[in-house]
Structures are given as C-alpha cells and as structure tokens.
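Before anything else, here's the structure in question.
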Amino acid sequence: MDDSGFKLRLKQQQPIPLDVEIECRAGELLALVGPSGAGKSTILRTIAGLHRPDAGSIQCGQAVWLDRQSNIDVPVQSRRIGFVFQDYALFPHLTAQQNVIIALGHLDSNRRHERASQLLEQVNLKGLENRLPENLSGGQRQRVALARALARDPEVLLLDEPFSAVDQVTRRKLQQELVVLRRAIQIPILLVTHDLDEAAMLADRLYVLHKGQTLQNGKPGEVMRQPNSALVARLMGHSNIFSAVVEAHDSAQGVSRIDWGGISLELELNEAFAVGSMIDWVIHPAHIIMHRRDRPSLGERENPVHGVVREFLELGETVAISLELEANQAIYLKFTLSRHSATRNGLAVGVAASVSLLAEGIHLMPKQ
Amino acid sequence: MPPLVSSNQSAQIAAASSLQFVLPEIVTAFKQQTGHNLRVTYGSSGNFLRQIVQGAPFELFLSADESYATMLVEKKLTVDSGRVYALGRLAVITPENSGIALTPDLSSFATALEEGHLQHFAIANPDHAPYGRAARETLQALGLWQALQPRLVKGENVAQATQFAISGSSQGGIVAYALALAPAISRLSRVLPIDQSRHQPIRQRMVLLKSAGGIARLFYDFLSEPEAQAIFQRRGFEVPQV
Amino acid sequence: MDITALTLSLKLAFWTCLILLPLAVFVGRLLAWQHFPGKAWVEAIIALPLVLPPTVLGFYLLIGMGANSSFGQFYHSLTGNHLVFTFDGLLLASVIFNLPFAIQPMQRAFEAIPTNIREAAWCCGLSKLESLQRIELPLAWPGVVSALALTFAHTLGEFGVVLMVGGNIEGETKTIAISIYDRVQAFDNHTAGIMSAFLLLFSLVTIGLVYRLTYRRRRHGR
C-alpha cells in the first residue's frame, strides 16, 4: 500500500453495528454497495469526520485522521475531504460560484474567483456561475456540488449516492463526466451506491456490505461472476441461486458433479468442496441457453434441463421467464430472452421448454 | 310585583371591591334570616357600570360612590334612584417594618420624603376610583399632594392599591379603611383611619336594576336594617344618618 | 394622545428586542440542534408564557422581584435600583414574557436548515463560527426578523403583567396600553379611541413592513 492511499478500520455497536476494513489507492474508485442500513453512508461520514465510531482508525496518506486508541480525532474542517451529498446540500442563498468559492478558503482571496470559474468550467457549468441553486436543474446542481467538493483540493473524494436524485438520462451523463474527471485527479474516490450497474460501470473495486460487515471485495466483474456466498449473490442481484450436494470429483475428466434436487450437473473440476458436502451454487442468465426447437445444436448436451414455463413477463424488448423444473417442481430457473426469440420458440405460460446450463457458468459457493 | 321566590334561586349582586370583607358577613346574616343565597361579584364600580349598560344580568349594584349609580338611574335602567347604604372611610396604612410612624396629618411621610426614605406611596387611581379621588383630596387638604405626586403608585382599584401599599415595595398608602381592617391586611401592616373631614364624603349608593327579582329586593331592604348597618360600622364604614 | 406613555411603550419594546435578540438566537439554535436529557421540559418552560394568564406571571413577579425578595435585594445591591414599580422591573417582566415569541420562531428557522447543509459547510473547511455567520444566520434570518417583529409588537400590546406589577407611574411604568385602559375607566372614550387607532395602525405597519421585506428571503429555503 503506497503512501498516497487511504486506509480505514472501523468498529462499533451503536448506532448501527459496523466492523469493516477498507483500503483505497490514489486514483482508485471504490464502490460501497449493499442494502440500506448496511452502514455505507456511515462509513463515508466517518471518513469525513461527521461521525465518530467507538473504535477504529483512519489514515490518509501520511496523516492520521482518526485513532480512537490514541485519542486522535482531527476535526472535519481540518480533513481535506470533498463530500458530495445525496441531495447536493448546496447553500441556497449563494450562487453557484459563491458555493464553490466558500470552499476555497485555503487560497488567497484574489485567486478564489478565478479558481472557482476554472472548477465550474471543468464540470461543464460555464455560463451558469451566477445562478442560484433554485434556478439550476438537478444535474447542474450536482455538478456544482462536485465542483465544490473538488475546490478543497481534497485528499479523498467521497460521493454518497450522488446520482440517485436525478433522472436516468442525466445520470448517464454525469457518470460519463465522472469517468472523464477521474483522469484529471489522482486521489482515492469512494462511491456509495445502490445501483449495481453504476458500481460495475465506474468502480475499480467494490466492497459488498451487509449489516456492517464486508462480505466480499474485489473487481466488480469478479464479485459478480464469483460471489463467495449465496448472500453476496443475492445482493449482487443474482436470481438463480440454488442448493446442491457435491456428488463426485472426476479428476481424470476434469469435472465435478453435483446433485441438484435429483438432477445431476457437470461443471469444471473444483476439489475445494468435499464430496457429500452441501453447497450453494449460482448461474448467470447469460449461461443459460435455450434449446431451439427449429435448430438443435451440440451445446444442448451440456447439463440439459427440462421444464414448463410458469411465468412469462414481457418487459419491453425482453421477456423474463420462470421455468419450473420437470424433475423437481419446487425449483424455478429464471432467465431472459429477447422477445423475438421467445416468440420464435413458441414460448408461453404452460409451454414445455428445455435449456442447457453451461458448465463454465456454474459457480460453487460454501453454505453459510 | 316581585316575581315568586323559591329557595333554589339566588340573586346576582355587583359590589364595589372595597366591600369584599364586609359583605360576606352581611350575606351570611341574610341567609340565616331568610334562607336565601346570593351570588356576589366584586370589582371596580366603573367596570360594573359599563357592563350593566351592556346588559350584564346583575340585579343589585352596590357602587363605591354615587356618580356611577346615578348614571344608571339617568339611563333609566333602575327601579328607582336607590339609596346610600354606607359612607366610605379612608385609612393611611404602612407595612409593618417600614419604620414610618402614623400620624393624622401624615407628617411622618412628609419627613420620610424629604429624607429620601419614601420611594412609593400607593393610592387608587384618582381619575376613576372613588377612593382614589378621596385620597387625592386628603393629600391636597394636608398640603402633601404636590410633593408626593412623583412617588405615587396608582392601583387600578382600591383593592390593588391596598396590595401595593403593603407589598414591601411601597412605604405605605391611603386606602379604604374597610380593606385595611381585614385580618389578611391588618396582619401585615399598621393602620390609622383618616378623619372624614379631610375629604368629600364617599357616599356609596346602591340601586336595584329593573330585572331585580324578589331575593335581590329583600337584600336591598336588609342592607338598610340595623343588623347590616352595625356590621358596616364595625368593619370600617360610616353609616348614613337616616 | 399620551406621548409619554407612547414613548415609554416604544422604549420598552426596543429594549426588550435588543436583549432578546442575542439570547434567543443562542437558545433557539441550541434547541434546534442539540439533544439533551430534559430538553422537552426546557422547551415547555420557555413556552409557559404562551399558555399562562398574565396574572400568574404578574403574581410571581410581584413576589419574586419585590423589595423583600432575595432577587430584588440582589438587584438592588448590584444597581441601586428596585425592580417593582420601575422600568427595569417592567423590562425584566417583558423579556420573560416574550421568551417564546422570540425563541420559538428562531428555533424553527434554525431547525429548517437541513443538517447536511451545516455538514457541507464544515466539509468546505468552515469553522463552526464561520458556518454560523456565513451559512446559518443568513438562512435563518427571515425567522430571526419575524421573531423580533413579533416580540416588538407583542411588547407594545402588553397589558396584564404591566397592570399587575407596574403601578401606573407616568414615564416609568404607564405604558400606552395602560393609558388607554385608564381613559376607558374614566369614560373618556374619545382619547381612548385615538390612542387605540394609532396603536393599531402602528403595529400593522410595523409588522407588515417586516413581513414584506423578508418575503423574498423567506422563499429561499428550498
């Protein structure tokens, strides 16, 4: 861990339980995801100095901002952080420019005006400097908030669900602007978000938090494809999470077999799980292949599963399907299909269908 | 003809605040003799005048002087021109520990004033309270009015003036003798009645309103009888010569 | 028109506002953002003058401020003045009586400032004092001014307490409200009418002006 990064240890019982350890390098964007109440915002607020935990430490670069044991607690004003609040928290009686200037107290007064203009230009708000927040759109306000956060020349940038209060189109634009902005500033950035897509899009790494604990951290793609437990899989939005029993490991053929409610599935050899042990497994819809009636293919030999369509939900151009397994009517496989595929295959509620579960997509997780 | 009287009814009486210690005794005597109840409200005579003109349901009005009662007579709201039921008397009063002696000419107050010991002297407001008017006349007669003016504390009615006078923040005052005699007051103060020749007589007149019922009329007569008059005299009033 | 009484009333209102301004800003802000055990009781005590009849306050003031009381004597030793039957005593009564009129609107004004705006101010590097000056006060200002306007007008109209403890001394405790009452008692409706009309107009214009001036500001909180 190099010196310009950021390190946090936090432990408390009240007001919400927290026990986390987070590291973030300069220039890295870390996303904190998880359900409400997981403690994500509390963590950000603790870093900012707005909340003091029972125990823990925060180190930013060379400076120690918090160390409960040694009774060190640097006040908010002295920590150079940039905080973007969920509802912007702009000062309503000051113009955009004045909002940014107020955070430039560390500069000489004759340089503040210019620097503020520079920052506003950087966030694409040139020409709107003299507007009051009430005369700015949601997206514009968020940009002012960002400019103001950057005005402090912060050592760490904290974003608390910064794009949740704006509409979809504006959100996309802001996300793209953030990506561009990141290239210009090389500081650790922590982003709290509910939106997994946003996390996947923006973050270098993500931390999955649940009830104050870190369940898993890693690259978004990794965590998504290889969650380390059923809970993480659920939090990451997986819908096909099942239980199974490890049947056998065949090292000669390089496969393992699991018993899924009576159905035998084959996957890549994974000897980490003992034969006979109960496990959870997950498969992403992308690895569920529909058997086409008109053009059968070789792929259909891989883990074929038969069932009846029980749910057929048209959502725009895609269809969400729930397939009740023939072998075990308690189990439902969920996947999506383009509408025209669904039609071509004659799918509807009550219709029989078959799918293949690609071995490479079956990911095993220990039972918790 | 007075309306029929039953023992469940009572009469509404409006009485000047200076009567608040003498009237209860008279009311009790009345009840013992006739068995009837009375509902008495105490207050400043000017207020009662205004209220009665506006239709307040009093049946008998015992004013602190004549002019208020006479105004009601002129407005033809009364049965007749009424009767003087008592003559008010003044007393000079001082809190127990004030250190000022009480003399009929109030000279000790003049001295106290010159020596700077007299901060406040309480009277009822002479502009509208009969006892205040009489107090002013007394002070003028004694040649103390000009000197005491800046030190005067004026009560809204003579009861408030009495309260001010013994409050400890005043060094004394001129109040109704009837109030000064009450145990609650005399306990905390020293009292000296003032010679009636110092001021115009405070003729307290009572009138029956046109709506007066039988009980009110009975009480009106009772107030002029010897038993009630004796109580008035005992309690700090002068009785009118018949 | 009793000019002495009018001047006295204006003087009383002015000094009441002057004393209550810093006091109410401090207390209002404290109550807006701090939580401590017994806070509800503190707020209840402050609100008492809203629900108690002025006679109760007058009663306690007479007992508590009198020359025989320990507070009265303490005040006398400090300043050489007495509290009962004096302007000083009236001013003290007025400040107490106006506490909720001054504190409550200011407390509401500070409460209306979202917490994260204050936090944003700190995150921008502003000290608590700078944050008060540059962020909180400007945002709470309409509430502060409304509180003062209310207190001023309310003091002009104070009657019950003054009647009980004032003693009706011209130039000292005979306020215009008392003067009007006196004129009515003396059946001088003419003078009473002139003074009442004047007071009505004056109060209306004062409050109206203040509301008008802060109207634009009041819309900014969003």
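Residue numbering begins at 1 within each chain, and the chains themselves are lettered A, B and C in the order written.
Here is the rule we use: a contact is a pair of C-beta atoms (placed from the backbone, for glycine too) under 8 Å apart; a residue touches a chain by one contact, two chains touch by 3 or more.
Remember, predicted model here, so these are calculated numbers, not experimental data.
S.K.: Out of curiosity, which chains are bumping into both chain A and chain C?
M.R.: Neighbours common to chain A and chain C are absent.
S.K.: When you average C-alpha coordinates per chain, which one falls nearest the overall C-alpha average? Tell me, please.
M.R.: C
S.K.: For chain A, which other chain has the most distant CA centre?
M.R.: B
S.K.: Quick one: report the Å distance separating chain A from chain C, using the average Cα coordinate of each chain.
M.R.: From the centre of chain A to the centre of chain C is 55 Å.
S.K.: Just give me the whole-number Å value for how far the CA centre of chain B lies from that of chain C.
M.R.: 37
S.K.: How many Å are there between the centre of chain A and the centre of chain B, using C-alpha atoms for each centre?
M.R.: Distance between chain centres: 88 Å.
S.K.: Name, in rising order, each residue of chain C that touches chain B in their complex.
M.R.: Per the stated touch rule, the residues are 62, 66-68, 72, 82, 84-85, 163, 167-169, 181-182, 185-187.
S.K.: For chain A, which residues count as touching chain C in their complex?
M.R.: Residue positions touching the partner: 48-50, 75-77, 81-83, 85, 87, 89-93, 102-103, 105-106, 132, 134, 148-149, 151-152.
S.K.: Which residues of chain B touch chain C in the complex?
M.R.: Chain B reaches chain C through residues 44, 46-47, 119-120, 122, 125, 127-128, 152-156, 164, 167-170.
S.K.: Within the complex, which stretch of chain C touches chain A?
M.R.: Touching chain A from chain C are residues 114, 116-117, 119-127, 134-135, 138-139, 220-222.
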